[in-house]
Amino acid sequence: MTTITAQSPPALPQGKPKSKALRRVRESCIMAGLIGCGVFSIATTATIIVILAVEAFRFFRLDEVSFWEFISGTKWSPLLGAEKHFGIWPLISGTLLVTLVAMSVALPLGLITAIWLSEYAKPKVRAVIKPVLEVLAGIPTVVFGFFALTVITPGLRWIHEGFGVYNAASAGLAVAVMCLPIVTSLSEDALRAVPRSLREGAFGLGATRFEVAVRVVTPAALSGIVAAFLLAIARAVGETMIVALAAGASPSLTMDPRSEVQPMTGYMVQIFLGDASNFGPEYYSSYAVAATLFLMTLLLTLIGHRVRVRYRQVYE
Amino acid sequence: MNIPATTLPSPAEQGLNLQGIGSSGEHVAAQPAIEVEGFNAWYGDYHALTNMNIVIPEKRITAFIGPSGCGKSTFLRWINRMNDLVPSARATGTLKLHGQDLLDKATDVVELRRHVGMVFQKPNPFPKSIYDNVAFGPRLHLRMSRGELNQIVEQSLRRAALWEEVKDRLKSPALSLSGGQQQRLCIARAIAVGPSVLLMDEPCSALDPRSTAAIEDLMAQLRNDYTIAIVTHNMQQASRASDYSAFMYQGELIEFGQTEQVFTMPKSEQTQNYITGRFG
Amino acid sequence: MNALMKNTPNARSGRFFKDHLFVIVCLLAAGVCIAVLGVMLASIIVQGMEHLDTQLLQNPPSRKPEKAGIYPAMIGTVYICLVCAVTAIPLGVGTAILLEEFKPRQRTLARLHGVVQLNITNLAGVPSVVYGILGMTAFVELFQVLGSPSDPIWTIGTTDNWYYIQLPFGRGVLAGGLTLMLVVLPIIIISSQEALRAVPNSLRQGALALGSTRWQMVWGTTLPAAIPGIMTGTILAMSRAIGEAAPILIIAGVVYITFTPEHLMDDFTAMPLQIYDWASRPQESFHHVAASGILVLMAILLTFNAVAVIIRQKFQR
């Protein structure tokens, strides 16, 4: 047992107290700095919105453009010949087609891999694969674009001659490869967050591992998985380099994955790379396209947020 | 309230009670340190403390006992305004430390916490060296030479009965200490700031009997210099180590008096049932 | 018990068959993933080995594939990433601290706090091209209200000085780095928030109970405990910045640059841009140069990732 001296301990030596005024000034300065950081993030969003709105407005004010044509037109030909058309739908269909191809591959494959990782794989396997997924998620998208151009496209053309030199399928598959690690990693996080007790309860009722994984764990993690899916969709919609390299540059309203398309991001890159004369209608049209893209991703983010808020209410 | 108001000691009566302490044989009049009147506390809509009236005497050990969830921690955490961290927490009434109202908006909580130290249920040393843990508080508040700081650290560790065990390894990480040592380190850390009041929320509940005994000895020693309020679920500890005891039940203060009296002749039946273990 | 189990042999074997089938499907899926990645790596390595030599690392780009190098692009990447790190890390960690450690009690402020938080989530989802457009308008052209990049309203020094600065910034290193900062800022904020959230509350209470102010608590206790996590997140964010092409493409364009930037306003190119340039050319020989460039880029990124993993493992107890 610790021996304790019986006498009362001496008073502690005291230094000079630090200045409270100084402390207060310092705290206020730091607080101002931190609030400044928060304001900066709000200002960023505000600036994006204002810029896109102002420039898009300027675009719609031009003579050759009408807002109605923009949101309903099926022809986008800003650069060709005398007659220019600004109907957004070909660009949107290009984005949707690439996203559709990508998601129909990445989402099921990613979810299955995630279920396997979380419910079947040995801890050692998972300990290796999780960091690998993180590294894969960090591969620059220009690399996937290069892969699409030099491997996937020739491969597709070898399988079937109908595929163009640039085609939506190739870009979509490359986007799928890009999204796979994200979908897998985030879905796995959601699956792992399901409490053990739920699994044990189901096993206790005599369920097989498959039944536990598919009927108990996956439904319980559904909102997290949906949030992961939405994030992947947002990434695919906003993906630029892959489509700029592999999807082509001729906007067309089609759902044929073999044909050349131009997604919204591809168009923006084309304009800013200087194909268009500065400050012509093409230039401003890219802001209108950017505004459309921004609205789409904003919508996806908000839906994801809703889903997650719901999730919290249910499971906590 | 489910007991007649008359059985609650009024502040005046409590003041009378402060005359003399049986167990340690001293007969010195204790001054009030913390005066509480008509104190209510809420978490959102949940009424956690109802109309508390109590005077905690200076330089004595006051034990708070009562079943889980009755609001002991809540009360302690209001004394050093730790509940400011809980967004839904609010309180009304008067809560005075040496005559100063703690609930006042103008109260400088940082200054308050400097005078009211707190020791938590689970030892929570910072992931730094032993020395840096103890020096953390003084470095916040004082300008001093290295020698003075060394002295504060040594004195605090001595008071916490830890010096002999750690004097050769002050630079090693605090997390390498045992649980009991960590808790005493946390006490040393609190003492180093120079508080007049020490709040201890179940300081021994994570410790073995040996470390518990060490901390009880330590409390007996600190008793001459500090006003100590301790929450405990250990009845023997309360009866052994405290001068005054307060029994709380469902957010109300049921009984408060000298420990000997509370444990041998409780005025309330609920207290009687609780301390004898026939509760429910 | 035995009787029970024998009662439903078909149902049981059917269910277990499903279980086994699923394992096979999973392994197939994992196999497909690994195969695709293997093909990708193999094709890049095969194409890239041809030009992977010291010439690549030392030469400027060239019209002849065998002479083409990535040196100016590497230096450009270093510069813009430095600008990005210097601005994004303090801003990002600051915002994370504000959001995690200074949660207000007051109702209107709390609502504002929620708005900022949702705003960060939204910013993380904004496509990087859109940041490129923002950077173009805000940094390169300064909203077209004050002068123009070719006719700046305000300068320090001349274009011969290394410290030359002009307003608007023009399509230079500073504008590129700041645009990258916008892209990685949400990533840094979110990962720093996670790191701060992982710090146990008992440490915060301990610090406050000793009479720390909020900031003293953050500086003395929370931040040191969260540093490994923040560093890991920051390194991953910086590796994202190194590989990010779209916003830089909008700021800098694909320009034929054979020199390294001399000041913050100077034109530049970056590694992913150079790779894009080579990959988008029709000649196959340039595709091989692109593959070599990718190998260099991936080597740098792998180093970054390895450092992040090491830091995490070192501090994970």
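Just so it is clear, A, B and C label the chains in written order, and each chain counts residues from 1 on its own.
One rule holds in what follows: a residue touches a chain if its C-beta (ideal position, glycine included) is under 8 Å from a C-beta of that chain, and two chains touch if they have at least 3 such contacts.
Source: prediction; values computed, not measured.
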{"item": "More contacts between chains, A-C or A-B", "value": "A-C"}
{"item": "Maximum centroid distance from chain A, chain identifier (CA atoms)", "value": "B"}
{"item": "Averaged-CA centre spacing for the pair chain C and chain B, given as whole angstrom", "value": "49"}
{"item": "Rounded Å distance between chain A and chain B, as computed from the means of their C-alpha atoms", "value": "51"}
{"item": "Centre distance in Å when chain A and chain C are each reduced to the mean of their C-alpha atoms", "value": "13"}
{"item": "Junction residues of chain B, two or more chains touched", "value": "111, 140-141"}
{"item": "Where chain C touches two or more other chains at once, by residue number", "value": "213"}
{"item": "Per-residue multi-chain contacts in chain A, two or more chains", "value": "none"}
{"item": "Chain A residues touching chain C - in the complex, by the definition given at the top", "value": "23, 26-27, 30-31, 33-38, 40-42, 44-45, 47-48, 51-52, 55, 109, 112-113, 115-116, 120, 131, 134-136, 138-143, 145-147, 149-151, 177, 180, 208-211, 213-214, 231, 234, 237-241, 244-245, 265, 268-269, 272-274, 286-287, 290, 293-294, 297-298, 300-302, 304-305"}
{"item": "Complex contacts: residues of chain C adjacent to chain A", "value": "15-16, 18-19, 22-23, 25-27, 29-30, 32-33, 36-37, 39-40, 43-44, 47, 91, 94-95, 97-99, 102, 115-116, 118-130, 132-134, 136-138, 143, 182, 185-186, 189, 213-215, 236, 239-240, 242-246, 249-250, 253-254, 272, 275-276, 279-280, 287, 290-291, 294, 297-298, 301-302, 305, 309"}
{"item": "Complex contact set, residues of chain B against chain C", "value": "80, 82, 84-85, 87, 110-114, 117-118, 120, 122, 124-128, 136-137, 140-141, 186, 189-190, 193"}
{"item": "Complex contacts: residues of chain B adjacent to chain A", "value": "111, 138, 140-145, 148-149, 151-152, 155-156, 158-159, 161, 164-165, 191-192, 194, 210, 213-214, 217-218, 221, 224-225"}
{"item": "Chain A - residues contacting chain B, complex", "value": "1-6, 8-10, 12-18, 20"}
